[in-house]
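Everything below concerns the one structure shown next.
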């Protein structure tokens, strides 16, 4: 990891110095072992504090919206899933891609601090380093080593796009994924449940929601000036803690990212009460792939999104040839 | 809450029959915002409308609710009444308590409860209505007529006479349509070509009419007053201007295999051909499928012989896009194909003809130059049998359920013409019911029976057995009950009329609907027979349903009158229920722009300054002249920045709340 | 046939019975005589199929019961196939035959008739279906 | 079900007056409903119709709002794909609500409660048939509190 960190600091210094960019968006290491927080730096000597480790999970592309409003040229470090989100933001005209310089970071997968805590390794833990498949935990008592990716986030385990799809500079060589991703196992598992069980499962999950809207705020696609749920005048939904309101919010949020969601899993990660929101988005992605062809909601900016277009001979589940019908 | 007046209509007993009006009036008077309630027997009448006008003035009403029949019937009537009383017409809301309530529910108590709910929804919506001012859009004063038969010709002539430009599009190489194929016309027996060709020449020579033959509609966009139509002029391979119509090429063309469509396949024609001698324009067309030059590259005789050098093998299809104010569809009809009617042996015996083939056989310009001979052995037949209702009035999957209206008359005409020229030929007509309702129609048919001795037999033909050179026709006379066996020499089938096979495709291009038989659907069968639900698109002739020439010409005149009425208005009142963008909410994602069917939405740049830094941002902007108010954009817009005037999100939500009250 | 005053009384029980078991709506018939014209057995029928339907419409059920036609009908379904009004005439005539057979005491095929007509080439099935249809 | 439970279910079924909200597009299905009226066909009074310019005007928000306010069934009726007066309106309806219907079923809402139907202006009897069939299936489901806002009491 250090090789890339050094490479990252060099490129940041160089582009800031030669004025190619005015500001750099990256991560800095906090005092805790799991805390690599996003940071905006414009001072050359701050570039030395930039870091690339197994906890740079935050997607920096959404910060571009506010930063670009300051008419600056911005250099940003983007992982694979972050670059997908970047493309979506360009499609939505939320960012002006000319004024952005992208440093691509092929991502080996991020470590989930919860899993480290469950494994009881967090006592006295100072630093975690990962090189290739080897993970090294440096604690006060000593050093522990593990092989494999058992500590990775679930979303990283079946990651579809580890290598950035768009970048000016690539900071390390591409990462290859061997295990062919199974076809939405989590979604099919829920689909198999009987209807009432599904209803109870989701109502229980939704009832945990405290309407903090963290999922909306982190999502690169939910970038509306004023979200319809914040706009009281729209009269669409209220913050009351009633089942119907929770269901309303979650169904509509999932529907609003339909055909655009890049499956980066950030909504589930940041949800304080742990609602499996990505299962809603992935259900829609699975349906769209089956019905309207595999849309990789990322690569081709020119292609119009699935819900923004139609085909005359689309699958028509409502065309029962009832008596009196034309056909 | 605005001051709302409600008017509950009895509609005679249509509503009052199954809806308790007093209970409704009582319930409505308690609704919030209602300051005045009145019920009356006929709200749409003069007296009813005056009730509305006086109430608006006396009670300073700011909204008006009419609980009556469908808004599709009288919404305009009540909007005009409100306008006359000084109230903006778009503050009127109609609750449909007739078609959607009293007529479809038997139980009075249920129907009354539903009527109250529907009115509550209308009140909820009306209280959120805003004043809307209809804008004006300009009208392109040129009309388009699709189809060059008698319907298209007559419509074009009437519109051109009123001084407007008309384009006529005809799919086949010449105008004339089915009428050009007919020999004589009922009930006056004057020759079809004699009354048609002068009109065809008028069309060709009229300064206001522009003719596109051998052309098809590629695509239609836009809306009333501003249609943008792309026409595909198929390659004729002959230069229209140079060709003098001398006809040398059509005679000398060596490839004789293709069947002449105009003569219903009774004779063959060259690869380069004009459908019939009086064709307008009298310029041949090369049928590239059968032309040796195109298939083998050798021939080219027509090019060598053409004195005017008009042959151009290299011609390509040309796409022309023009703007029109109105469109008239006059695409006519076809005869059904008889492959499902095996019992008549139409497929495997040359002497069994359809009525259209009979017309060509007896026509002087036809394949036999008018000599009445049997196609099998060229001898004059002694016994001819006509069979009515072949495929008509047939609810099984083989035929059409409707009566084709014109067969009784043209069969009587055909039978009469045979007996007139050859009195010794025996003529039989098998029929179910003779339907001759027109002016002088029944007298005409009775002349065929009484003066010319045509034998009319009430009964259908069961089966036809070819025996030697005769056709044994098995039938039954239902009056006497005897089974009949007639050794006929020729059988003529009065086959049913059906819509053109591509009617549905054209309907889809024009966004007009076709009924289950693929005839175009008129706006209202009794009151608006030549209009469609799409403003600016009219119908004329058999494309709307089987009809004879007198009716077709009448409809053509009616459609022309509608078009002239539309084009005479320099400006058209546009639909004010269009979308509007709230620029504060809009974040410029333009997903609305991507789905707008009329490209009515465009990106607009706004300069914004947050904390002193001015930067640009994009928002959507609606072109109110193009927007047709479908509302598709409002659902694509996630923050709800774009809304549809007249059907805003809040209004529809209020209606839902009111209905679930 | 002697001239009979026709009084259409279609409330008769047999007529209801025929309508019930055949499920055919005889009012759909427009008397176009296509069925009679195409019927291969019409030569030997005293009342033609379209006349049978007309009589049913008029409620003259007795005349039909005395006619030979319903027994000459070979159920070849030409009439049903070609009827432009989708009336199942073959089924209707079968219903008339069943109405007659199902009248009490009218069974046309008794067990002691069997020896008279049986021969070694006759398939067993003929007897079974004969009993099923004609024996009451 | 035990006898007592069954009685309760039957009794609650008696007072169960299902409410079905129908969004009908002005050019086709609203005219189809009118035709059902003029031909005096019969369908239950529980169906209440809201006129929208095109089926593509109906937003998932309205559907959920109807369920919240106590509707037992929601139906969106539009023109047959290809016949839309605005030429492409119902293509988008078809895509949007294919996904939305799947999402609702995924979250545990019965498919009978939310339907889309293509009904042209000439299909009065199809309109009546569809409405009668919808009510039968809703009646079979019986009363259910799914998606319903408890604070909104509907006067029976």
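Order of writing sets the labels: A, B, C and D. Residues in every chain begin at 1.
Definition applied: a contact is a pair of C-beta atoms (placed from the backbone, for glycine too) under 8 Å apart; a residue touches a chain by one contact, two chains touch by 3 or more.
Remember, predicted model here, so these are calculated numbers, not experimental data.
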Query raised in the report: When the centre of a chain is set as the mean of its C-alpha atoms, what distance in Å lies between chain A and chain C?
Result: 77
Report task. Give, as an integer number of Å, the spacing between the C-alpha centres of chain B and chain A. Result -> 54
Report summary line: Taking each chain's centre as the mean of its CA atoms, chain C sits from chain D at a distance in Å of 48
**Report entry** Shared interface positions of chain D, touching two or more other chains
**Finding:** 60-61, 65, 82, 88, 92, 96, 120
Query raised in the report: Where in chain B do residues touch two or more other chains at once?
Result: 516, 595, 636, 649, 653
Report task. Could you check chain C for residues that touch two or more other chains and list them? Result -> none
Query raised in the report: Classify the inter-chain contact topology: is it line, ring, star, complete, or other?
Result: other
**Report entry** Touching chain combinations (by label order)
**Finding:** A-B, A-D, B-C, B-D
Report task. Spell out the part of chain B that touches chain C in their complex, as residue ranges. Result -> 343, 389, 393-396, 398-399, 432-433, 458-463, 474-478, 481, 483
Report summary line: As the complex stands, chain B meets chain A at residues 516, 584-591, 594-595, 610, 613, 615, 618, 636, 638-640, 649-650, 653
Query raised in the report: Can you name the residues of chain C that touch chain B in the complex?
Result: 30-34, 36-39, 42-43, 48, 50-51, 82-86
Query raised in the report: For the complex, which residues does chain B have touching chain D?
Result: 70-72, 96, 98-101, 103-107, 110-111, 113-114, 117-118, 121, 507-508, 511, 513, 515-516, 521, 533-534, 577, 595, 597-598, 628-632, 634-636, 644, 647, 649, 652-653, 655-657, 659-661
**Report entry** Footprint of chain B on chain D - complex, ascending
**Finding:** 19, 21, 26-28, 30-31, 33-34, 36-38, 40-45, 48-54, 56-62, 65-66, 69-71, 79, 82-89, 92, 96, 120-122, 128, 152, 154-155
